[in-house]
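This is the structure I have questions about; it appears just below.
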Amino acid sequence: MDWRRFSVIALVIIILFSVVVLIGKTKDTPIVIITSLLATTIAVATPLTLGALSGIFCERSGVVNIGIEGMMLAAAFFGWLAAIYMNTIFKIAPLPSLIAGVVAAILTGGLFALLHAMLSITYKVDQIIGGTVINILAVGITGFMNRQLFFEKGSIFGGQVPHAPGVLPRIQIPFLADIPVMGRIFDQQPLTIAAILLVIVSHYVLFHTRWGLRTRAVGEHPRAADAVGINVIFMRYANVIIGGFLAGLGGAYFTLESVPSFEPLLTNGRGFIALAAMIFGNWSPFGAWAAALVFGASQAFQIKLQLFREVIPAQWAFLQNAYIVGLAPYILTMLILTGIIGKTTPPAADGVPYEK
Amino acid sequence: MESNEEQEARRESSFQKRLKSAGSAMLVPVLAVLTAMLVGAVVILMAGGNPLYAYLGLFQGAFGSAKAWSETAVWATPYIFAGLAVALAFKGGLFNIGAEGQLALGAVVAAWIGYALPDMLEISLPAIIHLPLAIILGVLAGALWAAIPGALKAYTGGHEVINTIMMNYIALNMVSFLLNGPMKDKNPNNVIARTPEIAESARIPVIFEGFRIHWGFVLALIVAAIVWWLLWKTTLGFEIRTVGANPDAAKYAGINVKRTIILTMAMSGLLAGMAGAIEVSGLNYRHELGFSIGYGFDAIAIALLGKTHPLGVVLASILFAGMRNGGTRMQFLTQIPVDVISVIQALILLFVAADAIIRYIYRVRAREERLVLTRGWGG
Amino acid sequence: MTDNNIVLQAKGITKRFPGVLANDKVDFDLRKGEIHVLLGENGAGKTTLMNILYGLYHQDEGEMLVNGKPVKIKDPNDSIAQGIGMVHQHFMLVPVFTVAENVMLGNETTRNGFLDRKTVSAKVRELSHQYGLDVDPDALVGQLPVGIQQRVEIVKTLYRNAQILILDEPTAVLTPQEAEELFVIMRGLTERGVSIIFITHKLKEVLAIADRITVMRAGRVVGTVTPKEMTEAKLASMMVGREVILKVEKGQAKPKQEVLKVENLHVLDERGLETVRGVSFEVRAGEVLGIAGVQGNGQTQLAEALTGLRPVKSGKVIINGQDMTGKPPRPIIESGMAHIPEDRQRHGLVLSDTIVDNMVLCNYYRPPFAKGMVLQQEAMDAYARKLIQDFDVRTPSPFVPTSKLSGGNQQKVIVARELSRDVKLLIASQPTRGLDVGSIEYIHKEIVLMRDRGVGVLLISAELDEIMALSDRIAVMYRGQIVATVDSRAATREKLGLWMAGAHA
């Protein structure tokens, strides 16, 4: 990530935070507000980070994946379902149930990714159409099963949503979490921490291992990879499925870490915003994470403003309106895609099926 | 030069050829629908229902009576407009996932003109002015909303797939704001985010007394014919198709590619906006929050099932409309939630998109060129 | 017939593609330390045969022997294991990778699970030194000139201990001098025991470098000969199957008024680099100005800027006396310019559209093809039928998508469309690239015909023979500048070659 884009990211975050600090100064000290904003930013950036990493693995290997939204939605549902099943039907303790839910979410993401891989690699379906199919399929299946299982009398849960086993517990990072006030930033839930670790791991895998070199070769010039004996089809399948696992983990965030419930369409476009983060981050893990943090910051901004609603000065009244403030991440996404903050280059063979 | 007879013979054979190619073009979609229904039957079975009963109910509900036909046509009307919107964009090489937002804006503007204009002007408008005005302004709102991502694509290369989706969320937020605030129905009994009812003068009349089918359906068919004519019989259509098939060659040939992209998106948004405007003035007589949700994806499925051809879009719309409409009767008969229709429709889309699967199952050879719709991020 | 010296033998190789018999019972053998040229036209089946040897395709019939033992080559891994290396016509290099990364790809050295770039760089440096290749392992491949990229390809094969090297049309992208350097490197390799298969369709270099020559035509081997018993003309008729006129018949040019004037033109490429740096020239009605030069010296950007496809940074373009600098394509086309584009499938044709639509691509909006905004299908069809006949486009019907046509017929569609309009200036970029001899002869004839009809022709070609055969005057382009302009009668290959390599006139 070049310095120009990095400074834009820093600038946007500083502006958003400053506004909240100015508004909230009568209620809290700046340091408390900033700490809490940072903690929220990092947490809400989790599905975006994981979604962007998912996109990076797919697209670095040459497969465009706009189905991340659907993969996350389906994973959120089935992860949640698995956790409830374990907890209420098999009477397993909440924490193991939640962990089983995370595993189920990851597998769901992988399964949908397998479908996407088949469509785009084997059947050479237009990859954007393929991704749309995934999205529509996820909406249909989750909507139907949600209704069938929880709102129909004859179903296993007797027509009502059972009590969920809660959300994943926080993990205090030793020493860092003990810092007064600022320690809050290092007091996060497991998927958030996992996402950050995965950013680092992904970076090393992509740029410093054999797997990464081959993945990128297949996404840049598949024929060249084929000519030195690399199995292009296998590499693409594998990376798309890895991407699916990551998207699945991102989906788990919604129902197992953020709130213990499911509602149809709950991903609310975050799979697409994750793609924008991937593009803005130039298909690199750290870049994408930085971009995800901007979106996270705009969401944290929105959440905090709601809390400070009554102290928003009259001349800034529009900030009281959740609908208007809620536009921030979407408008930000569009601005970023215009390339005014610097053009990025996708892998050369991104979206192109490989024909021998 | 060939003789008249030869010409005649050739014309006839070319007519037969066209018939044959139309038949072969429909083969895969029809098989895709059948396959999806088959898989859907398994889903229904697993959910504890009887698929035969379910499909019988579905058919009865969709086409079993005059009322069923009328309701199916009512459902089909916005589908045709929205499906045409997506199909037209596809022809121009653009993927408009934003039909939903464009539709919502068209609806909200048509509703606003419909209920607020007479009060603002303090006169009662004649229907001949009020109704067209409501529809035209609603349609223009949709066009404008789609032109923005079009312009971003043309001038900055920002990909329309993400931008139209973002515009959906922006539209949804804006409409939420309006329907919960300035445009909210002030009736003391009302608790929902919706506009007041539109004036009588802004309503499209029904075709038959006692049925809900309104002239908007006929308009939809006419618009489908116009879209066909535009695409294949005019220079503008030539330009749209050329830009869609090969923008580099279009530029080489002197076509203004940027202008064509913006125009294509605007026309696509116009059609989507029409779906919303007609639904308000022909059926709901107001706009209610959440009404637009789902239309964007349905429109994509319809456009693909209809192979982006206007006639195909009309047929696909009637099929989808019938399923939605018949779903209620199916639920009544089998207790299977209507939501299973979404699953079946998603499967239809899956099999249409991955026609190779269908061709493999039924051993159908590929006759035509692969439908190239979009290109990766490079644009 | 057993020969201990034979390192590679193909026996009765047959390969069918849908509708084409690409290789028909092909026999071929390679001796240790020799340079064996495989000669043939585009589409003769040379590349197919090599792709089979290299495991990218599989033969339908026939067998392969390496060092006398039958081998099954399923994929490139097998051929690499057999000591076969291939330098492809279109380089198999990842531009965003470094040389070392490209070299190790598929054969990576790792330490503790991480790529060991240092060790690989050292080995590349050593190989480069040993064979005089002069390659920097840490350079980004995309930033290297083509000549060096080709050497990276050679290093890749040596890194894998290749003893048999296949070079597919390696000189297509080189200046005559660079080609000479490559030949020296090849000789160095054979002296160290490497055996080389050299694929080409250029007759001149064949006689200079080959130990033996195998000629292919239409999927079959016509014969294997030695350079001593051959002349260029003999090889040409073996290759094409009939007498070939190596010279284009044309009379003296009669240049008239200026139809194109370019003044101090500067153009940027898509990366923002200035690839046309102050070019000036003029083309007169009734003459052919040839622009010679190795690919990638700014010719593409020059042609695109002249035709309105690319913005002009500074300078002037005047067509038929009108200032057309920076104008979009349509007004330029309307001022009487025709353009045969370099990349015919990208710019020249809408492949999924019918021949009819492609024939009217540039004037669909004018009468008689349109009245107002309504297309006149019958007029379009009639026009397309006439052009198909006039230009001898081989097609079952005018309503066939152009993607179904052969390369030669696709180019004929473009030529027909462009030359049938009322034009004063023709800009032809690489008009015969990748075509068979028949189509090449046809297109050359048409270009000369246009000239004689009083059209000014700007011919841009990387094929020196083509430039010399057609041009009345020749300008040589090097690194975005015109380094020399000469009368074609005064031009020799040697002189042009020196200029193409950057020597100033």
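Every chain is named by a letter (A, B and C) in the order it is written, and numbering of its residues begins at 1.
One rule holds for everything that comes next: a residue touches a chain if its C-beta (ideal position, glycine included) is under 8 Å from a C-beta of that chain, and two chains touch if they have at least 3 such contacts.
Predicted model, so just to flag it, every value in this text is computed and none were measured.
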Two chains sharing the most C-beta contacts: A-B
Chain of greatest Cα-centre distance to subunit A: C
Between subunit A and subunit C, centroid-to-centroid distance (C-alpha), Å: 46
Chain centre separation in whole Å, for subunit B relative to subunit A (CA means): 30
Set of subunit C residues in contact with two or more other chains: none
Of all residues in subunit B, the ones touching two or more other chains: 372
Contact set on subunit C toward subunit A in their complex: 54, 56-57, 75-77, 80, 86, 88, 90-97, 101-102, 104-108, 110, 113-115, 156
Footprint of subunit A on subunit B - complex, ascending: 43, 47-48, 95, 97, 152, 156-159, 161-163, 165-170, 173-174, 176-177, 180, 293-294, 297, 300-301, 304, 335-337, 339-340, 342-343, 345-347, 349-350, 353-354, 356-357, 370-378
Touching residues (chain side subunit B, partner subunit C) in the complex: 232-238, 241-242, 245-246, 248-256, 369, 372
Subunit C to subunit B touching residues, read off their complex: 307-309, 328-330, 332-334, 339, 341, 346-353, 357, 361-362, 364-365, 370, 373-375, 377, 401, 403
Contact footprint of subunit B on subunit A as seen in their complex: 64, 66, 118-119, 122-130, 132-133, 135-137, 139-141, 143-144, 146-148, 151-152, 154, 265, 268-269, 272, 275-276, 279, 321, 323-324, 326-327, 330-331, 333-334, 337-340, 343, 346, 350-352
